[in-house]
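The following pair of complexes shares a single chain, subunit A, combined with subunit B in the former and subunit C in the latter.
This part shows the complex of A and B:
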């Protein structure tokens, strides 16, 4: 088989990634199994044998799953609206969904803090609507954390779904209807399967990003909701326990990798249908 | 007309590009690493630069990252002077990263309080910021007079604690230990493990455990919380001076001196300039300026604190003991106090 010389164009990019990503990653994995007295799995034993750290891993997973689920629930219809909108409406929707990406995560997370305060706009609105009698605590609650995380990562769900949905023929539901399919049946058997590649890509992207989130949980919950990234920061910076930090990083990497690889396999299967 | 680059033109261009570097080279420079506090680069350093004719290149970050930079450059140090917390300086000393301060080169050391020259003047404390309870002056009628008030149920969800990963977190731990044992605040550090039970009782009042002091400061100033333990006087009194509705309480049990150290990096460039910098920082005149700018106790006994800055006598802690136990306390704090 003749090789395509165009493939060589990837070399600079691959070389760059190998240098700045792969090499540090290998060093990290090496640190996770290298102790003062040689090779050891002590970092992993301390991590996975400790109920506290297992709880942190579970909390990170829970946060990532809720964020991904919430972003999917909101992002899937948003992607359809975006794909079907025309003219000025599409520009407005695009701006609403993607302009927040230009704002720093730190600014957005601080913004949530202001919105959720006792004298924030949400409490003000609920008070004026007569739904509550006095301001309620919303800040530094798990609900606030989930809302903030979904807000930060929603565009990463919308974009891949939108990319797939905009390629779908808008006459497909009509064609299904002429064959007697109800709107729900048409969505379940025609639209949804065709949009699944976008869903899979969005889910893997949002899960990978949210399971490793550091800034948003730090600002919206602080130490009350420890995530794997926060443990890593503590291990490297405060405890100076590189082995523990590297072991946590390796576990986090394995989880994100499993989702990405699983998603890629699913994509191939869906593409082959 | 086509343009051809002649050798002369190229040399001329190169000389133009090199000119700023050459001009810079005429002014000696030192690289100082320290906290990103307001007042350093805008007030203090320009005065030192003007007086001594050298340039201070400053990088503001937290003490642990500062230490990491010095450690990474141990073979070829780039930093001359470092300004860090004592518990971190202790780690630096143990790794042989610091150069002892010499009284001959830094004569102002002689006038420093004895407790401001730790480890036989391995470094010096350039000021003692005060830490106790920061209180919200619009929500509350009067300052707390005792740490016990922080445990009052009326402050439910109205208290922010600093994470044990930040040195100032020692204050609520000492307060809890004092309340649990009845011992004076100054004796509580070595009994601190006995304070965790009392600190757990504070959990209903804690709105957040913060690793982000500016966010906590903003929440207190906006009235979301009443009590914040414990930003030190550099923050609270500075914000008070800017009309923010916060003030520092002076509880009857005592107010703790936070350690603000300055040290020479071993093998760092321009050591003589580094010594000049430290000597100036410790001089009575600069110490008075430091006290007023950083709302802290001066450490030079000859310095006169500015009028209006009335800090009480501070409790000075054994920071080596703190450094030796900090990691264990961080773990306990996270599991017993921070955890949901």
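This part shows the complex of A and C:
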């Protein structure tokens, strides 16, 4: 006896995900601990024992944290502006923030290259304004990489925060003010805790996307800057070292999961106050 | 008047080209309950938000207890507000909601705790202290909103349509309960409402608002029996009103020719003036041979509405400025739609207004 036959409607979707996502994932995890001579942790030992790979993991983590932090700093106020804007202004802001999503990530990263090149638009403008005397190296610097990464992933921070903030009752800050709460107290005790679900969703999304970034770092930094995804690609495609690639994939997955779970737990703790 | 606790003087507010408050003045005595009554768009909520400091006046001043607060932001005014739908903080418990203002004002926890407990007891919500507010019924939410506003000891309490979210039965109970509670606390309160019955129940005085101005400010009985204008007559209570022309005037009385007959009323209008005469529904009786000092008219009934404690007759009048509602304690036998009825009402209770 089935109690809710509507539950069956989920079957095709679940089945599809199981086939194209869950099965390969399990296969990948399996191949990270399976060598020619049976079960082994050799892939993880080689990965975590090698200062080079540890450096790559640290660099990816740092890149993801800076990208997530930057996107949060820029995206949180932007989401509020978007939610509070009226009529035509909201359309304009919406377009400004989300139009970049419609441009392919490769085009976008290539665009950053054009802007930041030695003979690029930014150097040209700064030279003509007399602010610099000779072109500054921008592309292939970490600053350029962070700027590009934040640009690419900002919409993924704004959208979930906007969705939550849009539903906030505008009379709650009013009520706080009439009770004697300064704007800062009202923000800290009312607006911020109520917007946390959006922040958690945005942080989880941007962190998991940016820790696995591949295209933007390789276009803006070239080969000298290796992210975990780039190492994975090399391991699978060039070195044919499946064990190493799969181990890196498992570490990447664990890091993304840790942030998603940690952010959700943090929200439950702060939201309960 | 030295006793005035709230003094609004020459208040004006525009939104774009629309004038929402138009040189409005209002004085409220300490401990008094005043309702701002009017249809949506009359400026009553704007006036409330200006007093609370959530909006700034374009011109004019607002003083509470002799101190001009016009320039202060909302969080420095100490004016409490009970919002429509209450605006409780959904992420906090009942006690945390009530304690919010104390915490915001830096009251120490040791001092806040007994005050929160006292406020909880005042609104009979003590056993709900640790519940999330989202789990409360409408009436309970209202009590929390009132306690939250009162616990910081505001100088003035503003209530924005506080009963509109409640169903009818509960609304009537809460109106009396809240009035009693606020009286006990001894606070000065301003109610904003579009519901005239509610205004009559909760207020000492009612300010009927129209297009950003106060049309009449009076106690409920005066407002009902002696409305200052046709607008007030129509907004507060029902009436039988008939358009007509003054045919004779003198000795503080006018004679008016109406569609249904000749009516005399206390008033001073020149003969030939277009006027509207009106009488409240319960002043009318059905008698062919009334005692002296009464107007008599002949009319036809179009509809009968039984309302329990009374019965309403709607008179057959052409659409327009004439409106006919008569109320009887009991419906006489043989009267129904189509019946011809003789109407009688005291001349002293007949009102006359210039035609709009």
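Definition applied: the second predicted complex is superposed on the first by the 257 of 273 C-alpha atoms of A that agree within 3 Å, B and C clash if a C-alpha of one lies under 4 Å from a C-alpha of the other, contacts with A are read in each partner's own complex, and residues count from 1 in each chain.
To be clear about the criterion, a contact is a pair of C-beta atoms (placed from the backbone, for glycine too) under 8 Å apart; a residue touches a chain by one contact, two chains touch by 3 or more.
Fair warning: this is a prediction, and the values are worked out from it, not measured in the lab.
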Message = If we overlay the two complexes on their shared chain A, which of subunit B and subunit C does A:218 touch? Say first, second, both or neither.
response = first
Message = With both complexes superposed on chain A, which partner does A:234 reach: first (subunit B), second (subunit C), both or neither?
response = first
Message = Contact-wise, after the overlay, does A:52 reach subunit B, subunit C, both or neither (first, second, both, neither)?
response = first
Inquiry  = Just checking: does A:113 make contact with subunit B only, subunit C only, both, or neither of them? Give me first, second, both or neither.
reply    = first
Ask   = Thinking of the overlay built on chain A, is A:140 touched by subunit B (first), by subunit C (second), by both, or by neither?
value = first
Query = Which holds for A:226: it touches subunit B only (first), subunit C only (second), both, or neither?
reply = first
Request  = Considering only the touch criterion stated at the top, classify A:182 as touching first (subunit B), second (subunit C), both, or neither.
outcome  = second
Query = Which of the two partners, first being subunit B and second being subunit C, lies in contact with A:172: first, second, both, or neither?
reply = second
Inquiry  = Please output the residues of subunit A touching subunit C within their complex, sorted ascending.
reply    = 169, 171-172, 174-183, 185-186, 189-190, 193-194, 271, 273
Key: Residues of subunit A that touch subunit B when the two form their complex   = 52, 55, 110, 113, 117-119, 137, 139-140, 218-219, 221-226, 234, 237-241
Ask   = Which residues of subunit B touch subunit A in the complex?
value = 64-65, 68, 157, 163, 165, 207-212, 215, 218-219, 222-224, 326-327, 330-331, 334-335, 338-340
Key: subunit A partner contacts - residues on subunit C that touch it in the complex   = 52-54, 73-81, 83, 85, 87-91, 100-101, 103-105, 148-149, 152
